[in-house]
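Take a look at the structures listed below.
Look at the two complexes coming up: chain A is in both, with chain B in one and chain C in the other.
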Partner chain A sequence: MQNFYKWGFETFFGSVFNTIITLLSLIILFFFINSILGFISTSEWKVVEVNRRLLLIGRMPPEHEYRVWPILWVASYLIMASIKTWGSPSYKDLLFIALGITIVCVIFTTSSTYLWVLTSLLICIFSYVITSFIGKSTTANNKNKKILILLWILLLPIIFTILLIGDGPKPTLWGGFLLNIILACIAIGFGFPLGILFAIGRASTLPAIKIVCTIYIETIRGAPLVAWLLLAWFVLPKFLPQFWGINEVSVVVRAMIILSAFTSAYTAEVIRGGLQSIPKGQIEAADSLNLGYANKMILIVLPQAIRVVIPALISTFIGVFKDTSLVFILALTDLLQVGRIIPEQDPEFFGRQLEALCVVAFLFWIISISLSNLSKKVEKSLGIGIR
Partner chain B sequence: MQKKEKKQIGKEIITTSEVTKSFGRFQALKGITAKVYEQEVVVVLGPSGSGKSTFIRTLNRLEPHDSGTIIVDGVELNDDVKNLQYVRSNVGMVFQQFNLFPHLSVLRNITVGPQKVRGLKRGDAEDIAMELLNRVGIPEQASKFPSQLSGGQQQRLAIARALAMQPKIMLFDEPTSALDPEMIKEVLEVMTELAESGMTMICVTHEMGFAKEVADRFLFFDEGLIVEEGTPEHFFTNPQEERTKLFLSQIL
Partner chain C sequence: MNSIVDKLYVLSRSQKFRNLIIQFIFLIFVGLFVYYLISKALQLDITLGHFVSRAGFGISHTFIVDYTSNDSRWFAYFTGVVNTIRMCIVGIILATILGTIMGVARLSKNILFSTISYLYVEILRNTPLLIQIIFWQIVFLQLPRISEAITFKDTVVISNRGILLPYASSTENGYGNLWIGIILIAIIASLFLSFYINKREDIHGKVIKLYNFKLSGNIIGLIIFFTIASISFFILQKPYDIDLPSLYQNDKGTYLQSGGFEFTPEFGAILFALVMYTGTFITEIVRGSIQSLPKGQTEAALAIGLSNYQTMTLIILPQALRSIIPPLTNQYLNLTKNSSLSVVIAYPELFMVSRTIMNNSGHALPVFFLILVTYLSLSLVISIVMNILNRRVTRIGA
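Take a look at the complex of A and B:
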């Protein structure tokens, strides 16, 4: 204990400079804590409570609300099963996941939806338990992995089927956090493979392909996303062919096209960095085995190139996920837009922007931090076998 | 030397004539005319920068040559993709830096070629791979990754990987130069065994003991030309050219 005091004194007040730094930090900390306490003591969360539905699914008509639950169930099953299969989570990780889910549930469960939420929670637990049961046998586990990968690929079609089947709501009525997630999934789902193609194209030795890809990447990256979204709003219909009414597609689809294009350009540059890090010897070895261009790329070059750039890649994906909130420019009500509007709609909630935005920020944060953890896990699991 | 008398030297399998290659303004090959016969072991010697590596890399078109002709197993190497594929699937190569695929297991490093190029089923390819791993003496490493192997083991794996394609000719580009001295022997043993089994081999190497033992013929390169060629006895007892004498005096 004596040592501890001595250590504390020397660390914080050991010299004049340290003393000044300590005092300054204390003052800043005091004001910081004071303002947070002030906000918490005066905050009124009713603005969030009343608008929970709006934050999550926007202006989707109440009679279509039931469509959202199956999506949540499928996603819960997939996410928990994948965490168990590939993540090998520690107790700390599980605690973290449980905490995140609990907070989200506490904020967003209402008396009319608690049964649905409960079902989702049960599916999460069921999924985890059954996957750990499957995981005991290696062959079953391998089969399960294949099924999960297939389900992940089918996830987007499943979501769209559920949302659109049998006279579903118009895509322009999709909103809230659901819209952000759908847009991000589409942008990453299409942007990533496209980005790989553009990266390979830009690294190609054929001048025509190289020039086309370079122009595409540099054009898309050269202007702000907001500009591209505005372009989609006003100009895109004129560029699209007039059959089947493609040129009149809904703004949601236009947003998807723009976000995918934007993601593909950024991903392409990230992956190109990875491609350049592959030693020439790898390509020569593949050539000397006569593997052929496609096999060489798919089996030898890309797996190594993508592995190198996973941190940058996930960081790009997180950026894209947050960029989806820019679709408010297309008059879509995404999560951030809902958070901005709700305090203004009722005189009772005037001046409650901070509460609404806190919840919005928290939702974005939950997804971003999960992606960031995913990146760490993937890096770790791919660590074996790296040169 | 008894062994070499018995060895059947077959018909021409590689014929090059007046092959040139430049990198920018530097001319690496200034007209190489050489022949290699089936089952022959040819060792390529020469000071660094003499074009010997470039020469064997032109033989499977890792470096396309600028002029002259290269005919491998009756097929001319040119821009024709079919010819290139024929040659590459019949010519195996072992590199100085091993160039193993670090993200694939030892076994998968070997099976990837047979499965994707020769169209073998996975099980068959794995059988062949295990056979080859036995032949090069590292069957117990099959499920590891290349980075977990020692340098000598890595190079032996690289030899097994090339052999899995059942090549008619093997090219060795300084296979022991990146190895620690105590690991050179194990790689040379595998190469000697391969030479004795009748594989046509072209080796760039500075291992004179090995060269003396297995080579049927030496090619001595200097400044992009073949300065002198002949049997090992000729080289070690009676070299004709000044440059050959100088080189041999430096490395022996």
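Take a look at the complex of A and C:
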């Protein structure tokens, strides 16, 4: 006990400077907590409660809302199975995941849709349990891994099939959280492979390829994303070829094209860092084994290069996910725009912008923080920095 | 005959020849693509001729330049560029200060202090900048209305139209610009002088002494600067005066504000959001660099009796600065590009102004290239400055 007091005194009031810092921190913390408590005590969340569907799917017609749930089921199966297969989650991690999923579900569930959401929660538990059973035998586990990877690759086609099959709503009507997720998936799904190509091109010894790739990367990185989106809004359709005389490119497709190009440039820069970190001996060894260029890259260089930059890659992807909120330039109603619009719809909600904004910010935050925790975990398991 | 085939075969096997062929094919594809793009672009108007015509829209925030809607589009664009540069300079300075403090705080033994830093980083880094900009705007607009404005004896006026602060304004005698010129020259001259004296001390060991008191280059520079500034100030008969903000009612009872430096909600929101957001990344950079230093440095500093504060400022931070600067440059570039997001709350910087011009003129492509070139040159300037700094920092003791 004596030690505890001594320790407390040393850390908080050890010197004059330390005392000042402690007092300042107390004032800041008090101010912070006070304003949060003040906000909570005066806040009314009805603006969110009545607009749950809008937050989830935006302007998409309500009769098409059922299309969202199969996507949710597939996604929840995949996510939980992957967490169990590749990451070895501790109880703390599982608690965090469960808490996050529950809160997100609470935000989006209405009285008419709670059964769908409950089903997806059950699927989460089911997939976790079944994967842990599979994990007991190595051969089944390996097979399971292959199936999961295939499913991840097929995820985007599955999403599009579910959304568009039959007379699905036009992509322009997509909105809300769904749009952010779709855009982020597309941007990463197309941007990442393209980024690898551009990174290899930029690190190439052939001057022509190197210069062209460098110009591409630096041009894309030169202007802010909003400027590129504005360009897509105004002139991109004029540059695309006319198929069957149709030149009506949906705004969502334009956003996808620009976001993928943008992601590819930023990913390329990250991967280039990884390529530079590879010892020259690796490449020489591959050459002396008489591997061709493609084999050398795919088997020797890229696996090592990407492994080193996985944390940086994930933070780039987090940035891309956050950047999907910029599609307001294209007049799309993504999650943030829904959050800005709903308090203005009804005079009852006047002055309730902060509540809506808080929910939106929380949704972005929970996805980003999960990804960043994932990156920390990967970093630890790969032993980067410890080597 | 056979020898030609053989030679061709040998040629096709040589790496150099293959590389040439690959590049040639690649260039043909790229060339075709570029040709396609250019041919499509030529169908549009790609000249900036319309920029000399009257702009026809007002810009709510002007700084230094006096813009009216009758000026040309070039001038409107220039006003936007000035606004961007102003925001970037203020933002970069504040974000660096905030980031450094928070980065040091993150590693502090004081749990309260490190908790604040932890919360700050984890909350603000993982929410989109756009949300933060809108959040700060809402916060600023919740300040009291102008009829109930908070005033501190006519020095500060706080209302939801903005915060008015005391500011210097040129008096009527018209020497204001001359004085600014003299100040600029004085800054450059004193910088050169102090640099020269410091270098002389470093290389030749010669020191200027005044009654046993060593005068270092920095002190001499400061003295010279203040002497020139104050002497010229009085010779030019007070070219600048303090401009106090005031709040008054006109004869119809409307509240009006005048004078002072106006810190509008838009500028405040975008500045706060940019500084806070970029600050989180700088925090992580500073923390990473400090952690990458060997622990022996801290222990050695403490062992020779330096205080915690001295250890930080004299031993740790100067060394950490070397690995901080390259990623810091990246963050500065990001801040510059992110300032374009102020379009969401209609702060008229470069991007907002050019969007208005695009909408008015209907020629989007050339304006976009102008934006691209402007941002690229801004990035280039920041990179060059930071490279010079980097060279200076890494040279010491290396």
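Simple rule for what comes next: the second predicted complex is superposed on the first by the 373 of 387 C-alpha atoms of A that agree within 3 Å, B and C clash if a C-alpha of one lies under 4 Å from a C-alpha of the other, contacts with A are read in each partner's own complex, and residues count from 1 in each chain.
The rule is simple: a contact is a pair of C-beta atoms (placed from the backbone, for glycine too) under 8 Å apart; a residue touches a chain by one contact, two chains touch by 3 or more.
Model, not experiment: these values are computed from the prediction.
Engineer: Is A:Ser260 in contact with chain B, with chain C, with both, or with neither (first, second, both, neither)?
Structural biologist: neither
Engineer: So, A:Leu336: does it touch chain B (first), chain C (second), both, or neither?
Structural biologist: second
Engineer: In the overlaid three-chain picture, which partner chain does A:Ser76 touch, first (chain B) or second (chain C), both, or neither?
Structural biologist: Once the two structures are laid over each other on A, A:Ser76 reaches no partner at all.
Engineer: Count the residues of chain A touched by chain B and by chain C, then name the partner with the higher count.
Structural biologist: Of chain B and chain C, C contacts more residues of chain A.
Engineer: Examine A:Ala285 and indicate which partner it touches, taking first as chain B and second as chain C; both and neither are also allowed.
Structural biologist: Once the two structures are laid over each other on A, A:Ala285 reaches chain B alone.
Engineer: Show which residues of chain A lie in contact with chain B when the two form their complex.
Structural biologist: Those in contact with chain B are residues 279, 281-282, 284-285, 287-292, 295, 299-300, 303-304, 307, 384-387.
Engineer: Provide the residue numbers of chain B that touch chain A in the complex, in ascending order.
Structural biologist: My answer: residues 60, 62, 85, 88-89, 91-93, 95, 97, 99-105, 112-113, 116-117, 145-147, 161-162, 165.
Engineer: List the residues on chain A that touch chain C in their complex, please.
Structural biologist: The touching residues are 11-12, 15, 17-18, 21-22, 25-26, 28-29, 32, 205-209, 212, 219, 222-227, 230-231, 234-235, 238-239, 318, 322-323, 325-326, 328-329, 336, 340, 353-354, 357, 360-361, 364-365, 368-369, 372.
Engineer: Where on chain C does chain A make contact in their complex?
Structural biologist: Contacts found on chain C: 19, 22-23, 26-27, 30, 37, 40-41, 43-44, 108-113, 115-116, 119, 122-123, 125-131, 134-135, 138, 307-309, 337-338, 340-341, 343-344, 351, 355, 358, 364-365, 368, 371-372, 375-376, 379.
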